[in-house]
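As structure tokens, here come the structures.
Each of the two complexes below includes chain A, the first together with chain B, the second together with chain C.
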Partner chain A sequence: MEEKSTKSRAQWLTIGLFLVLIIFVVRLFYIQVIEYDKYAAQADQMQISKRTINPTRGEFFVLDKDGILSPLVLNQTVYTVFADPTQIGDGNIEKIRNLIQDVAGGQAITSNFEKLNDTAMQYVVLARQVTHTQAEKIRDANLKGVGLQATSRRVYPEGSLAAQVLGFVNVDGEGQYGLEQFLNKELAGEPGVLQSVTDVRHIPLTIGVHDVSIPAKNGTNYVLSIDRAVQAHVEHSLADGLKRVSATKGSIVIMEVDTGRVIAMANLPSYDPANYNKVDDSAVFQNTITMWPYEPGSVIKPFTIGAAMDTGSIGRYSTFHNTGCVMVADAKICNLYRQVDGETIDVANILRYSLNTGAIWALEQMGGGDINLIARQRLYNYFADNYRFTEKTNIESTGEAVGLMMKPDNPNGARVTYSNMTFGQGMNVTMIQVVAAFAATINGGTYYQPTLILGTINKNGKLVEQKPKVIANGVLKTETSKNLKEMLRAIRAGSVSMSQIDRGYYVGGKSGTAETIDPATGKYGGPTIGSYLGFVGDETGNPKYAIMVRVDDGHVAAGSTTGSAAAQPIFDAISRFIIEYEGVTK
Partner chain B sequence: MTQNRQQFVSTRKRQLATVSVGGWGRNQNLTAFTSGIRLGPITNVVLIVLLVAFLGLLYLTQLTKTSTFGYEMNQINIEKSQLAAEQNDLKLENARLQSLMHVQDSTVATTMTTPVDTNHVE
Partner chain C sequence: MGRWTTTDHNQNSSARRTKLNLSKIRTLFFETTDSLELSRKHRPDYLLVVLIMALALIGLIVLFSITPALTNGNDAESLNFMLRQGLFLTIGLVAFFIASKIPLDFWRKHGVKVFILAFFVCFILPIMGWLNISLARCTYGACRWYSLGNIGTFQPAEFLKFGTVLFVAGFLAVRTAQSKLNSIKESLLPLGLITFMSLFVIVVMQKDLGTGISLVAIVLTQLIIAGVKLKMIFLSIASLSITGIMAILIAPHRLARIATFLGQGNETADYHINQAMIALGSGGMTGRGLGQSVQAFGWLPEAIHDSIFAILGETLGFIGLVVIILIFAMLLRRIISKVDFLENTYLRLIVAGIFGWLVAHVVMNIGAMTYLLPLTGITLPLVSFGGTSMLFIMMSLGVVFGISRYTLHNKVKLEEGGEHASSVRGRRFGRPHYTNRSDSR
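Here is the complex of A and B:
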């Protein structure tokens, strides 16, 4: 019996162990086979680290006339120093305070130091925008609970130079205004991915079937058509010019007439893009040249004369009898310059004396002697189709505005409006529209795509130049273009003061003073806006640069106009500088 | 066991005989070498286990060696990043020193004077 009983216990034990073994096997089968995917996913989540590799944002460079590439916007890696109060330990707080104050200096956020004692917090920022060298010192101190977080910021070696052209990058890394916003996608690049099995310290191991390494695609580096020296001089000249007439707002744009490339674009008031968050009035972010249409005044007269000459309605030596004032419908339109009333005036002198009546006469000739629908339609065709005043230029600048122009068949005062349009009132255009069209009228009739970009930098660090793009040919006939620039030159050459400034160089231009609407009355009578539109060329008689100056709120002596007394002196200073800088010959 | 060996030898002889021609043939003078060492089943199992253990160890050694490359690569990447950051800092400093603002404010520029009278040669 005893033997039987012992054998039975052993058997039971065997059976029991066998059952336990079966349970283990079944359980292991369940975990390892049935629920394989679930646990494999959990394991991957713990072991596999996936990181986004941030691309480097594209930078901006400029090329000067000697072919030297200079940076305008660069990136800098900076660090945020933070602490986890739960990890610091009591004895280290004073040490951390002293180190951050010594190393970070002005970047230290001392008001947060008290929070180091608060163990309820796990993230206390101790300093921001710390440089690499400073970060290394903090890292070398090896303080427990203190960490560094790398971020990137834009650096502007030239300060506020061309601020509105560039725009800025906000805290989210998004480009705002100017080129930064317009080219945001190209500048941003594409992030890469680094996925690998890591150890407990999150250091990637080289083995693992899940390893993925897709490098980031950095943003495109651009070389702007802006000339650094010219841009700097233009900004100084504008500041001096505005100060001279107690003005606060003004703009200048300079364009190469045979390429459409903008070599200078300046607005005042301006701002420092590195400290864009300290700006009170966000209007300074806006590029007036591309975003603010205005009534440009008499700088439009060359366009009217060009259209009339191009249609064969008038010739270069055609004349008209200047009565000083004309009645159009029920509106009386007069000249500002009255010394030539009652005289017979040729086309060149219409521009020289800036005669509104002469511009209206040119419009009448386009309609066979009347401001009829034919005349208005012809002028509209030139303004809208040839000069492209109703279209965006598509220059690389965010928020470009478009001009406003009444249709020729509008029954409500089209005759008066079109009369006003001949001398730049009753229509809205941006400076970039005017200067691009002006370049076409004096270069023989080719409208080039206005651009701020000279090219991009390839992987080898070489400039890949962007070819000038022709938008339209035949804006004006070659002969008309030649006559127009000759007349514009004659205006300056005929003036003793201006010829002394130009010293025989090929310079031409036309001033304009536009009346603005007085908000109080809703009628013309507000402060005037002075403009000057001109060119600088060489001895071959080919204009090289088109220059436009605008002064918004200049104060000039009675009897003077802001066009000639505020804007023109700035043009003179710039044209003189360009002649010397470029080494233009007579 | 012995019987089996004899049978095996006997079989080979028969095979050799089949390829002989006229009483002579290839491999006629061959002698079979028989080792005196006998490996029992337990020894075989132990040897196999040892072999598997050795191969496992070899695999782990190689795996660890590969993993250490990960650490070395990580260290090199850190150094590379630091050098890139230093290079970038130098690039920024270079740009700052060559900027127009810096040049205009330099000692050379600030001590320049405007000529009182200039005569141009025509």
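Here is the complex of A and C:
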């Protein structure tokens, strides 16, 4: 009896054990089979770490005359110093404060220091933009709870040189304005991905099927067409020129006429892209040359004359009788220069004396003696299609604007507007549009894509040049182009002082003074904008550079125009420099 | 020769003496029954060896597959790891066969001494820890290991389990022979006192609840098999429960583990359980495969020790775990089934104690890994990495293997003219005499 009962106890224990083991098996089935997806997902989420490899942003260089690439914009690794107040420990706060103050100095964010006591926080920024050397010192101090975070910032070895051309990079790493924004995608490159199963310290393992390794694609490094020496001189000359006439604003652009490459592009006032966040008026970020269309005034006259000659409506030696003023519809349009009233004037002198009546005469000739639809259509065709004044140039600059131009069949005062357009009023264009078209009118008729890019740097650090891009040929006939440039040169050569400046080099140009609309009255009478459009070439008679200068609200002596008295002296200074610069190196 | 005989003691030798009477204490604790006079040895249960080796090899293979995780891919270190576990297994196997050859009388005669030695070794360890003696290795304030330098560590709690099995078996066998098994005063109270002393050393001083539960399981299983009245067993369980609650209140980390189990635990314990569940769950039906365990790479704490079951689940999947549980089930059933074929109470209780020990480990370990029981930090027998556990479990299984020679089971076969008869003959006649001469050739 007793023996039987003990035996059954052993069996009962076995049964009990088996029941428990069956519960385990059921439980395991639930965990491993039914809930597999849940745990597999949890495992993946925890074990697989996906790391983004940040690409290096592309840098900007310029090619010096000696063929060496010099940096304009570079990347620098800087560090953000932060602290985790929960990790510091009581006695160390004072030590941390002192060290950061000593090492980081001005970069220390002292207002955050009191947060070190706040253990509710886990991330307090103590200093930003700390250099590598400073970071080393902080690292060597080995303070508990203090960490360093590497970030990249842009540095500008040439300071504010060509600031609006370059733009800047904001704290989010996005290019703003200029080339930085326009080429942001190419500069940014593509982030790489490193995905793998990791151990608990997030060190990648070789097991597993989730491994992905895509290296980062670094951004493109660009070589700009900007000539560092010319750009620096241009900015200097512009500043001097503006100061001399107490002007508020000014811009200069210089383009190679046979390639479309911009070798200088300057705007004042400017800013320091390294400290873009200290700028009060964001208008200084804007590149006036590409973003602000304006009524350029008489610098447009060569385009009108070119169109009239090209259509055969006038010849180089055609003449007209200058009455000083003409009536177009109900508007009376007069010349500024009245010393040649009543004289018979040839085409070259229309440009020399900048006669509005002469420009209107040229338009009339395009319509067989009247500013009819044919005349207007012909002028429009040249301005819009040949000179491309109604289209963006697509230069590498963010926010490029395009001017306004009335259609020739507009019933509301097209005659008057088109008369004004012959001397650059009643229409809007940007400086880059004017310069690009001007280059085509004097280089034999080829319109090159204006560009700021000379090329890119390949993997081997070699420059890969970007070929000049021809947008259109036959902007003007070769003969027209030749006549036009000779007339523009003659204007300068005719003056003793100019010939001394130009020293026999092939220099030509045309000033312009545009009236602006006074915001107070809504009519013309605001501050004037003086412009000068010209070219510099060598003794062989080939223009090399098209140069345009713009000065806003210059103050000049009575009887002078801002075009000739404010803008032209700047052109003279620059053309002289270029002649010397090229002369020395040639 | 006769069958196993149990010589009963003179029951009235000391029964009516005063409490402090030395001879009574002798009777209570130290007096042993006479020689077991073992006879009718038959072939031992070799299936035990097969099942044990199956588990040990599975453990070794999975351990080998995750050594890169444990050694940061250092090949030399990986090999070292393997060699160590291989060495543990070899030592375990040697212990197994030595234990199986040791006459069972030896254990009965010296069981009490073994227990006292084990108790002493356990008792002085935390004291050495408090005295900062470097021999004691303490982690998180719990001193559970002796540090033996290059040889490794030694966990005396495993020794105490073995000692407890021997001591309680002897004690209850004597009480059974005296027909005092159900006497509270002479049987349960003294046993309870000694068990509480062990528990105090293990659970309170060493802060090792897992081993404490194992000890309780050993004693309870032996009580059950000894035939103690169920009422008495429930009484024991009740008093143990009270002690258990007190133990929990004394050590807050245990409360935290219970809290984890109830879903409100601290981060460390929660983390351990979560990682075990992720390891099991992500293993799925068929597992990630050998060498594909990710959780072993630092995610799952104690990957090769207490958490090896979860790594097995991640590597071998549900199917693999079912196979492993089946092997455990077969092994444990095979062990406890010996009880019903043994006449001698002492031997039955030895087997019962070892069964209770293994069951406690298997159930506590798998239960914790599957979030059915609180985490107590206990190894999976034969599979977990660790020398002491391997040594004493193999030794105990060796004792069981030795005992398996004396089951009545084979007597039936003998009467039927079965294999045992021939094996006896074989032993007598078949032994080739020339083997001795081979030396002189």
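By our rule, the second predicted complex is superposed on the first by the 564 of 586 C-alpha atoms of A that agree within 3 Å, B and C clash if a C-alpha of one lies under 4 Å from a C-alpha of the other, contacts with A are read in each partner's own complex, and residues count from 1 in each chain.
Just so we're on the same page, contacts are C-beta pairs under 8 Å (C-beta built on N, C-alpha and C of every residue); 3 or more make two chains touch, one makes a residue touch a chain.
What you are looking at is a predicted structure, and each value in this text was computed from that prediction instead of being measured.
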Item to complete: Would you check which partner chain A:V33 touches, where first means chain B only, second means chain C only, and both and neither mean what they say?
Response: second
Discussion item. So in the superposed three-chain picture, is A:M46 touching just chain B, just chain C, both, or none of them (first/second/both/neither)?
Written reply: second
Worksheet item: Which chain, chain B or chain C, is in touch with more residues of chain A?
Response: C
Discussion item. A:L205 in the overlay: touching chain B, chain C, both, or neither? Say first, second, both or neither.
Written reply: both
Item to complete: Could you look at A:V20 and tell me whether it touches chain B, chain C, both or neither (first, second, both, neither)?
Response: second
Practice prompt. Look at A:K485 in the shared chain and tell me whether it touches chain B only, chain C only, both, or neither; answer first, second, both or neither.
Written response: neither
Discussion item. Quick check for you: in the superposed arrangement, does A:Q76 touch first (chain B), second (chain C), both or neither?
Written reply: first
Worksheet item: Thinking of the overlay built on chain A, is A:K510 touched by chain B (first), by chain C (second), by both, or by neither?
Response: neither
Worksheet item: Which partner does A:R261 reach: the first (chain B), the second (chain C), both, or neither?
Response: neither
Worksheet item: Of the residues on chain A, which ones does chain B touch that chain C also touches?
Response: 199, 205, 207
Worksheet item: Can you list the residues on chain A that touch chain B in the complex?
Response: 70-71, 74-77, 131-133, 136, 155, 157-159, 161, 199, 203-207, 228-229, 232
Discussion item. Touching residues of chain C toward chain A in the complex: what are they?
Written reply: 69, 221, 224-227, 277-285, 291-292, 294-295, 297-299, 313, 317-318, 321-322, 325, 328-329, 332-333, 336-337, 339-340, 348, 352, 355, 359, 363, 366-367, 370, 372
Response to the item:
Within the complex, chain A is touched by chain B residues 63, 66-67, 69-71, 73-74, 82, 85-86, 88-89, 91-92, 95-96, 98-101
Worksheet item: How about chain A: which of its residues touch chain C in the complex?
Response: 2, 5-7, 9-11, 13-14, 17-18, 20-21, 23-25, 27-29, 31-33, 35-36, 38-40, 42-43, 46-47, 197-201, 205, 207-208
